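Next up: some structures, all given as C-alpha cells.
Two complexes come next, and they have one chain in common, chain A, joined by chain B in the first and chain C in the second.
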Partner chain A sequence: MAILPPGVSAESFQSGIREFQDAVGRDWVFTSDDDLHSYRDHFSYIKDQPNELIPSAAVGPDTTEQVQAIVRTANKYKIPLYAISTGKNFAYGGPSPNVRGSVTVDLKRMNRILVCDDKRNFALVEPGVSYIDLYRHIQANKLNVWVDTPDPGWGSLIGNAMDHGIGYTMGYYRDHFGAHTGMEVVLPNGELLRTGMGAMPASQSWQEYRHGYGPDPAGLFGQGNFGIVTKMGFRLMPAPEHWRNGLVTVPKRQDLVPLIEVANYLGDLAMCGEPWYGSPLTELMGNTEFRDAALAFNEGEMDRQAASANLHSWQVELQFYGSERTTLANWEYAKELVARKVPGARFTDGESLKTPLTREQLAATTGPYPTNMRRNITQGVPGLGIWYMTGRTERNPNAWNETHIGLFSLIGRSGEAVLKAQQDFAAVARKLGMPSLFPNAIQTPVNWYQFAFLMGNGFGLGGGDVSPAGKLAATAKLREVLRENGALGYGDYRAPPILQDDVADQYSFNNFALRRFNETLKDAIDPNGIISPGRAGVWPAVFRSMRGGMRS
Partner chain B sequence: MSGSRKTLALAALVLGSWAACAAAQDAERGQAKFEHSCAPCHGDGVGDDGRAMLPGTDALRIKYQGSLPALLEKRTDLNAEAIRTFVRRGTWSMPPFRPTEVTERDIQDIAAYLRQSSSGGR
Partner chain C sequence: MANRRDVLKAGAVLPAVSLATAPFASALGGVAQALSLERFVFDVRFAESGAIAEHVEHAGIQLSPVADDLMTLWYDELDLAWRKAPMALAGVTLADALFVLETFALDRGMHVVYRGEHGLVEDGRIVHRLAGPARLIERLSPLPEAWESAVATALTECPLGSPQTARAELVTGGAALSLRDAPLYSWIIAPRSAVASRVS
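Moving on to the complex of A and B:
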C-alpha cells in the first residue's frame, strides 16, 4: 500500500528517500508494506480505513547528526516527519503519525545511556532508552537510584515525558516531563539547540538547573512539534532504604473531603508517595438497592447502606519512602491527622519492608489488608506484567482489548471536585446514551500527578463492538464525550492522534489564544510545517486545512 | 590415510568446529535479545496483581491448553520464519516490533536460542 506524503510528488518523495538512505544507510530506511506494518497503531480505532494514520516510510537514525540530515532533507522536499522514540505509547496512538503519509523518524537505535549519576541523582539518555533499559543499567552497575516507571516499562523515558506521561513513586518524580533536567533538540531547520544550562558550551551542570537563563522553551517540545528531542536529562529518585504502606478508611461519603485534604498535605510536604484511592463500597455493587442509590447519587441512602453493611465509603492506601523510623513516623502522623478530622476513621498498618524488595516481596499480593497497590511500579521496577489487561486471560479467553485507549480528564484536587465530577461524568454518559461501567458515585481519582487529579470517564463503548463500524461509532461517541466534558471544564491530558484536535478544542479560552500563539510560533520556526504537523492540535499553515480532518 | 585425505578431514573438523562455535555465538546473542525484548512478557516469572505467569506466557497457556508449552523457550516449533511473522505482524495484544527494535539478525539469533533452549541446552 504505497502512499505519498500529502502534497509531495512521487519524484520528490523518491529523491527524499535516496537522501535519507545517504544519511542513515539503506538498511535503515523502510518503505515496504511488511516493514511499515510495524509502524501502524496496533490498537487503532480506524485500522484499515482509508484515513488510517500510516506512514509513507520510516527512517532509523543512529546519531543526532543523522537526525539533522533527515530534517534538512525533509525541508528540501517538504516531507512531513513524525518522530517516535521506542514507539510504544499504546492507548495514545502507538507509533502512528498525525498526518497520513508522514515519514516516521524512528529514534529507537539512539539508545545510549550517556550519564547515570547516583550521587547527583540524574540521568542523561537518548530517545531509544526504555525504562527497562535504564533499570537494568542501574542494577548492573549497582547504582543507588530508582526509576519512576509508567505501567508498561518498554516505553522511552523521553517519549513518555514528551507525552506528559506519569509514574507511581514520590510526587516530584511522577510527573515525567516535570522531572526533566534539560534537553537537546534538532530544530525544524536542522540546527541543534540545548535548553537550560546545556545552552552554555562549557556547562558543568546541564542536568542540575533546567532553567538556564532567560525564557525556557522546553515546554514547547512536550506534546509539541517544534523539534526532535535527541537527548534529555531526568532527575532520579535516590534509592530509599525502607518502604511502608498503610490503609485509611473513612465512613461517610462526605468524609472524602477531609481525607483528600490530609493526603494532599502529606504529599505536598513530601512525606508520602502516591496515594491510591478506592471505595470499599465496590463490594455492594451486586446489591440492587445500593446500586440504585449510587446511580441516583442518593448520599443519605448510600451512607445508610454502607453503615448497615459495616463498610466504609472511601479508602486511601498511603505509602512512605525513607528509613524504617521516618516511614513509621510519617505513617503515625498521617493517622493522627486523619483522626483529628474524621470521626470513625479506621487505620490498618500495611507492610514495612527493607528495600530493595525481594522478588517474592515484589510479587506478593497478600498482606494485612487486600491491596490495590501494584507493588512493582511503587518500587520503580519496570516490566510488562500489566499487559495482561489488553490480552487473553482466563476471564477473557477468546478476545483481546483491541480498542485499548486512554482518556483521563483533569479535575480539581479536592473531595468536592471529585464528588462533582462523578455526577458530571454520569450525566454526560446518560445524555449520550452510553452504558455506565459502574455507579460513578464510587469512582475515585488517580493522583499520578502530584498536584492534580485525573479521572477516567467511567463509561463503556457500546457493548464491545469491535467491528470496523463499531469502532467508528465509538470514536464518534468519544468525540461527543470530549466536547461535553470540555464544556463542563474538564480537559483531557493526553490523547491518540485521531482525537487530538478534539482535546485541543477543549482549550479554547479567549478564542483559542493559546493555540493561536503556538501556531504563530510554529509558522515562524517551521515554515514548511515538516515536524509532526497536527500534533496536539498545533497545525502549521501549510497543513492547517487538515485541522479536524479526522472527524470526517 | 594419505596426506590429502588427512588435510580434508582436518578441514572438515575445523569447519565443523567453526560452525558449532558460530551457532553457539548466535544462540548467546539470541538469549540476550530474548531476555531484553521477549522475556518481559514471555518469560517464566510471575505476573502482576497476583497472576501466576507473565501475560504472554499466560495467554499461550490459555490458548494451547497444554498442547504446546506456554513458555517460548520450551517450544520446538518456532523457527526464524515463524518468529518473523509474530514479531513483524504482531498477534492479538502483542503489537508488531519494528526493524529498529528487532532486526533480521536478531530474529535469526532468537531462533538459534530457542532451538538450544527447547532442546534442554542453555
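Moving on to the complex of A and C:
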C-alpha cells in the first residue's frame, strides 16, 4: 500500500527518495510493503485501519553525515521524518510514527560502542546499540561496570532514554535520561550540535559533566522533536561485589505510610536499590468478603480480615548493592528503621550472593520467600522473558495478547499518595463503567524512577475484545481515563503516538504554557516541521491542524 | 554487527540458505527444493511441542529447547549466528516466544513464512489455524488425529522461492493440549531471500 507523506506530491516524494538513496545508497531506502512491515506497531490498536500510523518509506543511515543529508533532503521536500533507534518501543507504539506517511529514519546501522570506560564509569554509544549489545561488550571485555537495563533488554540505550525509559538497579541509574552524560544531535536544519562538555571542540570530559556552560537544551530532545540524536553518553554503575535482598511486611493498611518513608530514606541515601512493593493480601482477592471490602476501600474490615488470615497488608522487597558487609549493614539498618516506626513489622532475610551471579542464580525463582523480583534486571543483565505478559500462560491466563499499551501515572512518593491514588483510580474506573478488580485497594506503585511513584492505569481495560471495533472502543475508554486522571492531577509519563495528544492535554497549566513554549521553539528551530511532528503533543505550525486527529 | 540489508544481500549466496539434502527430506517423506532448517525451537513445558521436537530431531535438525525466556538462546546462539548469516528455523512455542523471534528476524532479513495456531474449542477438540505456503498447507489437510507428526513433517517441507500462500482451519479430536487456553504456535522463519512469501 503506497502512501505519501501529508502534503507531499508523488513527484516531490520520488525526488526525495532519490536523494535519500544518493545519501545512504539504494540498498538502504525501503519502500516496499514487505520492507515496511517491520516499521508497524505489532500491538497497534488501529492495525489495518485507514489511519494506522505507518511510514511511507524508511531510510537507514550509517553515519551522522548521512543523517544530516537525510534531514536536508527532508527540508527541501517538506517530508516529515520519524527517527527510531531500534524500534522496540512496544507498549508505547513500537516504531510507528506520529504522522502517517512519515519517512522512518532507522538508526539501527549506527550501532557502534564508541567508549566504554570502567574506571570513569561511562559509555558513549550510537542509537543502534541495544542493552544486549552493550552487555555483550562489557562481558567480552571483562569490564567492571553494569548496564541498567529496561525489561526487555533488546531496545536501544538512546531510544529508551529518549522516551524517558527506566531500569531496576540503583536510583541514579534507573532514570535513563537522567543518567545521560551529553549528546550529539542533528538539528532540523542539518547542523550538528553537541551538548554539555561536548560543545567544546577539544573537550576532555564530554561524558563527565553534562551541563557544560549556559542553558543546557538536552532536555528538549527527550520525548522531543527538536533533532535526531546520533551519539549519547551514559553513566554506568560500577559492578558491585555483592547483592543481598530482604523482605519487609507490615500488618495494617496505614502502615504503608511509614514503610514508604523508610524506603525513600534508604533509597535517597543510596543505601538500597529499587524497592519492590506488593501486598500479601492479593491472595485474599478470591475471597468474596475480602474483595468486597477491598473494592469498597473499607480499611477497618480489610485490616480485620488480614489479621484473621494472619496476613500482613503490605510488603516491600529491598535490595542492596556493595560488599557482603556493607549490604548486611544496610539491611540491618533498614530493619531497625522499620521496626522503630511500625509495630509488628516482620523481616525475612533474602539471599546474599557474590556477584556476578551465575546463570542459575539469575534464573532462580525460589528463595526464602516468594518474590516478584525478576532477578536478571536487578543485576543489570538484559532479558526477554517479560514478553510472557503478551501471551496467555498459566500465570497469565487472561492476557489480551493482541494489544499492549503501557500507561502509568505519576503519583507522589508517599503512602498517603498511594492510598489516595488507589481510590481516585478506582472511582474513575467506576465512573467510566469499567467494572474491574483493577484498580483496587491493594494496588501498589512502582519506584522505577527514584523520586516519584508510577501506578499503572492502562493495562487490561479493554475487556478482551480484540475485534477492530473492540480496540477502538478500548482506545476511546483509555482517552477518558487519561482525561479523568489528568483532572485529578495524575499525569502520565509516556504514551504511544495514538494517545500522546491526550497525555499532552493533561499538562495544561496556564493555558498550556508549556506546550505553547515548546511549539514556539519548534516553529523557530524546525520551520518546516519535519522532525517527528506531533511527538509528545508538540505540533509544528505546518502540521498543527493534525492535533487530536487520532481521536476521530 | 551485520545489519538488515547486509543480511538480505548475503542471504542469497550463503550456504545457510541451502536446499534440503536427501537424508533430512527423504527421511520424512519430504520434497526436493525445500528449506533446510538449522534449528528447531520448542517449548519444553508442553507435551505437544516436545512430541513434535522428537519427530524433527529424527531428521537431524538441531533442537533448541526454551521455556519462558529466550535470552539464553538469543544471546548464546541466534544473535551470534544471525550476525553472520540468516538462518532458517522452525519451532513450536507460545505466542510470546514467536513474537520475540519474529521481531528479531525482521531486523536480520528473515520473516515468518508459515504459522499455525493450535488451540482448543470447548468440547476438547483442537482447532488448528494454519497459514503458509499452499503446498505445505495442502500437505496438512486433513490433519490426522496424531497431528504432531504431520506438523513435524510439514515443517521440514517448506518450499523455496515465492510460493503461493494459503490458509486453513482444521479440527482434530483426541488428546487435548497440555495447557488450556494457551494456543501453541508452530512456525517457520526463513530468510527473505529463500522464501519470499511472508504470512501474518
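Quick note on the criterion: the second predicted complex is superposed on the first by the 536 of 552 C-alpha atoms of A that agree within 3 Å, B and C clash if a C-alpha of one lies under 4 Å from a C-alpha of the other, contacts with A are read in each partner's own complex, and residues count from 1 in each chain.
The rule we apply is simple: a contact is a pair of C-beta atoms (placed from the backbone, for glycine too) under 8 Å apart; a residue touches a chain by one contact, two chains touch by 3 or more.
Because the structure is predicted, anything quoted here is derived from the model rather than measured.
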Chain B and chain C placed together on chain A: clash or fit? clash
Touch test for A:Pro275: chain B only (first), chain C only (second), both, or neither? neither
**Request:** Would you sort A:Pro80 into first (chain B), second (chain C), both or neither based on which partner it touches?
**Result:** neither
Checklist entry - Of the two partner chains, chain B (first) and chain C (second), which one does A:Gly178 touch, if any: first, second, both, or neither? => result neither
Is A:Gly529 contacted by the first partner chain B, the second partner chain C, both or neither?
-> neither
Across chain A, the partner (chain B or chain C) reaching more residues is B
In the overlaid three-chain picture, which partner chain does A:Trp28 touch, first (chain B) or second (chain C), both, or neither? both
Does the superposition put A:Ile132 against chain B (first), chain C (second), both, or neither? both
Just checking: does A:Gly350 make contact with chain B only, chain C only, both, or neither of them? Give me first, second, both or neither. neither
With the two structures laid over each other on chain A, which partner does A:Ser38 touch: chain B (first), chain C (second), both, or neither?
both
Going through chain A, the residues touched by chain B and also by chain C turn out to be 28, 34, 37-38, 42, 60, 86, 88, 108-109, 128, 132, 153-154, 359, 363, 376, 383-385, 387-388, 390-394, 397, 401
Chain C residues touching chain A in their complex are 1, 3-5, 8-9, 68-72, 74-75, 79, 94-97, 99-100, 103-104, 106-107, 111, 179, 181-183, 192, 196, 198
Per the touch rule above, chain B residues touching chain A in the complex are 36, 40-41, 45-51, 54-56, 58-59, 62-63, 88-90, 92-101
Given the complex, residues on chain A that touch chain B span 28, 30, 34-35, 37-40, 42-43, 58, 60, 86-88, 90, 94-95, 106, 108-109, 128, 132, 153-154, 359, 363, 365, 374, 376, 383-388, 390-394, 397, 400-402, 404
In the complex, chain A touches chain C at residues 27-28, 34, 37-38, 42, 60, 86, 88, 108-109, 111, 128, 132-133, 136, 152-154, 359, 363, 376, 382-385, 387-394, 397, 401
